[in-house]
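Next come two complexes, and both contain subunit A; in the first it sits with subunit B, in the second with subunit C.
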Partner chain A sequence: MNAKTADKVATGVIYAIAGSVALVLFAMLAFILVRGLPHLSWHFLTSAARSFEAGGGIGIQLFNSFYLLILAMLISFPIALGAAIYLNEYAKKNSLWVSIVRTSIEVMSSLPSVVVGLFGFLIFVVKFKLGFSILSGAIALTIFNLPILTRSIETSLSQIPNLQREAGAALGLSRFETVIHIILPASVPSIVTGVVISAGRVFGEAAALIYTAGQSAPTLDFTDWNPFNMASPLSPFRPAETLAVHIWKINSEGIMPDISEVSAGASAVLIIVVLLFNFSARRLGQLLYKKLTKA
Partner chain B sequence: MTKKGQDLKPVSDFIPDKAPDRFIYQMNEDKHEVALKTEGLQVRYGDKLALSEGDLSFERYKITSLIGASGSGKSTFLRSLNRMNDGVANVSGKIIYRDLDINSKDIDVYEMRRHIGMVFQRPNPFAKSIYENITFPLTRRGKYTKNQLDEIVETTLKQAALWDQVKDELDKSALALSGGQAQRLVIARALALKPDILLLDEPSSALDPISSAQFEETLLELKKYYTIIIVTHNMQQAARISDYTAFFHQGKVIEYDLTRKIFTRPKVKLTNDYISGNFG
Partner chain C sequence: MDLITEKIKKTSLSTKQDRFGKAISILALLFIAAIVVMIFAFVITRGFATFTSNKINVFDFLFGTNWNPSVVDKKTGLPGVGAAPLIIGSLAVTFLAALIATPFAIGTAVFMTEVAKKRGAKIMQPVIELLVGIPSVVYGVIGLTVVVPFVRSIFGGTGLGILSGTIVLCVMILPTITSMTVDTLKAVPRHYRESALAIGATRWQMIYKVILRAATPGILTAIVFGMARAFGEALAVQMVIGNAANMPESLVSPSATLTSVLTMGIGNTVMGSLQNNVLWSLAMILLLMSLVFNILIRWIGSKGELK
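Our next item is the complex of A and B:
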């Protein structure tokens, strides 16, 4: 075989491998969507779940998923941002302290989410007496999300060339001013992309929530927006089954007659939302970049 | 045979540990106003000595070129002058600016850099509008009215010879500018702080010949108001625009003199070799 044919064969093989990766995804998406889409309706998306009879929806679970996501992001984003700024802008490259921090982040990111969930159960639910609650779930999700988000923000910051930092320093700006007013605005688009993509991961997380946010979705009073009332949708102290947990729950112990329809529909919704997160991430990033840099 | 003229002959193979005074131009401080001078400046990267000698005086409202091969220490020297090497290298010795040693610990480096500005090899405008690129560093430290800012933007852009090209699109992103324009904007941004001294680190090496020529004209215009110290690899550029030239070699200043003397009758053979291109 001469070099030219070898190259053609190799190219073909590589194309085929790359194609098969995409194929796995598309096959899975098609399966879930074909099975789930017929069951989607406004009623399904907004009504409460039913335990014993057919015709239940996923309204509360959907709301819980978004609310939990927002709370988890509110807790984890400032911490991740601070850690990333420290690691990328301030940390000395070879110090022991920095390598401890980095190793911790790596170990944290490889923790199985079910372990995070059980840890959250023992510490927050039992020890701190938070109970099965949105707050416990949000903290568990933060542990799950923090390493991914920190790394993603750090990568965004490191993509800003050093020329910008030098420019800031040469104009008499302190390092903090340079980071806040020059480096961060320039990296906002890519940070937002990272945040939205990690939001997709958090949205679909189940194992970390089963023992922290709980497996029940009490009826919510959507006219009561006082976060201190247990029936209020905004209460962080109520148990809150999310969409992903709901899918797991009904498949393992559901007894309503339309289990497979509800499960297929809920899976389709979950996948669609995650896809929306992923597609909108880049768009949003580009939009912000244009807005912020006036490019 | 008279001794006259012997001094003018390049001294063969001479690499001094510390250049004797006769190779380093001694500025008469009564006749010339010194804007900045260094005393016993040494720069170390870890254990490695990058610059071991640099007692130079820079005259006010003049352009001084620092020339030498890559790795000769000229950029290291330049970056030390406004403490850009802080945290990167260990700089010892004195840098005297307005009777103050600005290399000492108790100097507010951020304030000092507003007096001694710097422009780098590659243009580095911020991801902001042209207008904000100039006004942002100002408004971080002081209060200005809109009119004052407008005026500063116009003046500095005119000084940097960019006003005519961008006056109608000041709110556009600075990232859309060409390399030459971006470098002018960076100059304007530095000028807006009203510095005494401008340090330029190969500022035109990333520019095409036409932009580069315009850039040199701008510098000659600017020296009426600013003291300029420029690192350059371009021998013709150094000869064309500078009043003084310092030749660096292996971390040492070999020779420092009026530019016309360096380029016509260098005292050290090494200098002669470098400017005539017989190097290495």
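Our next item is the complex of A and C:
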């Protein structure tokens, strides 16, 4: 085979590989959506799950997923922001302690999420006696989310040209004022994109939640918004099975007669939400950029 | 005069603010580092309990082939705490998944950076991002409803096993390896390509003999990252592997991995009992393996820099 034929064959193979990867994704998305969409209805999305009979919904699980997501984001965002600001604005590039901290963030991001879940179980559920609760789950998700979010915010900050920092310094602003008044506003669009993308990851996470937020979804009283009542949807001390955990649970040990329908519908909802997060992340960033810069 | 000196010497409001802001951001960073240290400290102390308080021999644990912690083995008089079947199961799915995913990942990455840049950016980039975004339980559901019946129809049996786990993991780690390979390929200097083409190489010769060689350390790092993800993946694997903790006889017989036993077991054992302690030892292995993968990545990185 001469070089030219080899080139053509190789090009063909590369096209085929790329095509098959794209095909696998579209086949999976189509499979989940086609199987799941027919089962979606207002009733399915809002009613409580049933363990023994058909016709259960995913209302509570859906609510729990969003509530946990918001709590986890509220906890992890300030910490990640602070850490990213230090790493990008204050840290000296090659000091020993910065490299230690960077390594620990890297190690943290490669921790298996099941280990994160077990750690949360050990510390918050058992030691602090929080039990299977939204709070334990939110903290476990925070640990899962922190390294992703820190890195993404740090990247956003590092994309702001140094000219801006010099301009701030030239105006006599302290480093902190420069960060607050110049750097952060300029990086808001890309930070928002990063936050929404990581929200998609958190929304679909299940392994870290099985032993922290628990695998049961007690009935909620949606008229009671006092966070200190156990039946209130806002109570952080109640066990809360999320959508992703629900899918795992019914597939491994569900006994209701319509497992495959519920699982298909729930998977479709999960995928749709995650896709929405993914698509809206960039859009939201661009929209904010336009609003903020008049560009 | 004194008034001015005093005013200059005094810490100004913005200096105070600056110190405050710096302190807050250091605190956030320290918090993250502390969590990492705590995770290691707690999981490793609990993991060692098997060997210290239950007096299990480390080698029996690592190389024993009988996993059944709640039943005492009649021959040895010890409970079945041999984790070898699980370790082998985990390693098997990890290596097989990486083996299958790598050519696809490199092919896709080459497509995106060398062959069809425009289409690569327009179609393949979102494809890779979406593949990363799909939650692992959804991969598990697809594995259970598509892959397992497919394997069953070809090889018979239940369809659950290492082969199904490998196929599911392969798709899961593909985007990780691909996106990191794309980054390294993009980092190969442009003059490498130009010089290869200038001396009359075809595009494939340029890719194969120059670019892939130059990017080898980066590609290896990408593969190790993928393997780290595969090794720690729990739910998708647990759903399709069959959860039978015996030595894997073939690729299509039900087996188990470290993560699958952990997810199934922790809720069913009592804190502090032997059955629970051995599970923590499994978690410790997972943790140490993720550390090993990290060290491997650094080692490859430092080797690659020397060139």
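Keep in mind that, in the parts below, the second predicted complex is superposed on the first by the 277 of 295 C-alpha atoms of A that agree within 3 Å, B and C clash if a C-alpha of one lies under 4 Å from a C-alpha of the other, contacts with A are read in each partner's own complex, and residues count from 1 in each chain.
Keep this in mind: a residue touches a chain if its C-beta (ideal position, glycine included) is under 8 Å from a C-beta of that chain, and two chains touch if they have at least 3 such contacts.
Note that the structure is predicted; figures quoted are calculated from it, not measured.
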Answer with first, second, both or neither: which of subunit B and subunit C does A:Leu163 touch in the superposed model?
first
State whether A:Gly131 touches subunit B only (first), subunit C only (second), both chains, or neither.
neither
Give the label of whichever partner, subunit B or subunit C, reaches more residues of subunit A.
C
With the two complexes superposed on chain A, say which partner A:Ile182 touches: subunit B (first), subunit C (second), both, or neither.
first
Using the superposition on chain A described above, determine whether A:Pro218 touches subunit B (first), subunit C (second), both, or neither.
neither
First, second, both or neither for A:Leu173, with subunit B first and subunit C second
both
Do subunit B and subunit C land on any of the same subunit A residues, and which?
173-174, 177
For the subunit C and subunit A complex, residues of the former touching the latter:
14-15, 17-18, 20-22, 24-29, 31-33, 35-39, 42-43, 46, 103-104, 107-108, 110-112, 115-116, 120, 123-124, 127, 129-131, 133-138, 140-142, 144-146, 171, 174, 178, 201-205, 207-208, 225, 228-229, 231-235, 238-239, 259, 262-263, 266-267, 271, 280, 283, 286-287, 290-291, 293-294
List of subunit B residues in touch with subunit A within their complex:
82, 84, 110-114, 117-120, 122, 124-129, 136-137, 140-141, 171-173, 175-176, 186, 189-190, 193
Residue numbers of subunit A touching subunit C in their complex, please.
3-4, 6-7, 10-11, 13-15, 17-18, 20-22, 24-25, 28-29, 31-32, 35, 78-83, 85-87, 89-90, 100-101, 103-108, 110-116, 118-119, 121-123, 126, 143, 146-147, 150, 173-177, 179-180, 197, 200-201, 203-207, 210-211, 215, 244-245, 247-248, 251-252, 260, 263-264, 267, 270-271, 274-275, 277-278
Under the definition above, what is the set of subunit A residues touching subunit B in their complex?
161, 163-164, 166-167, 169-174, 177, 181-182, 185-186, 292-295
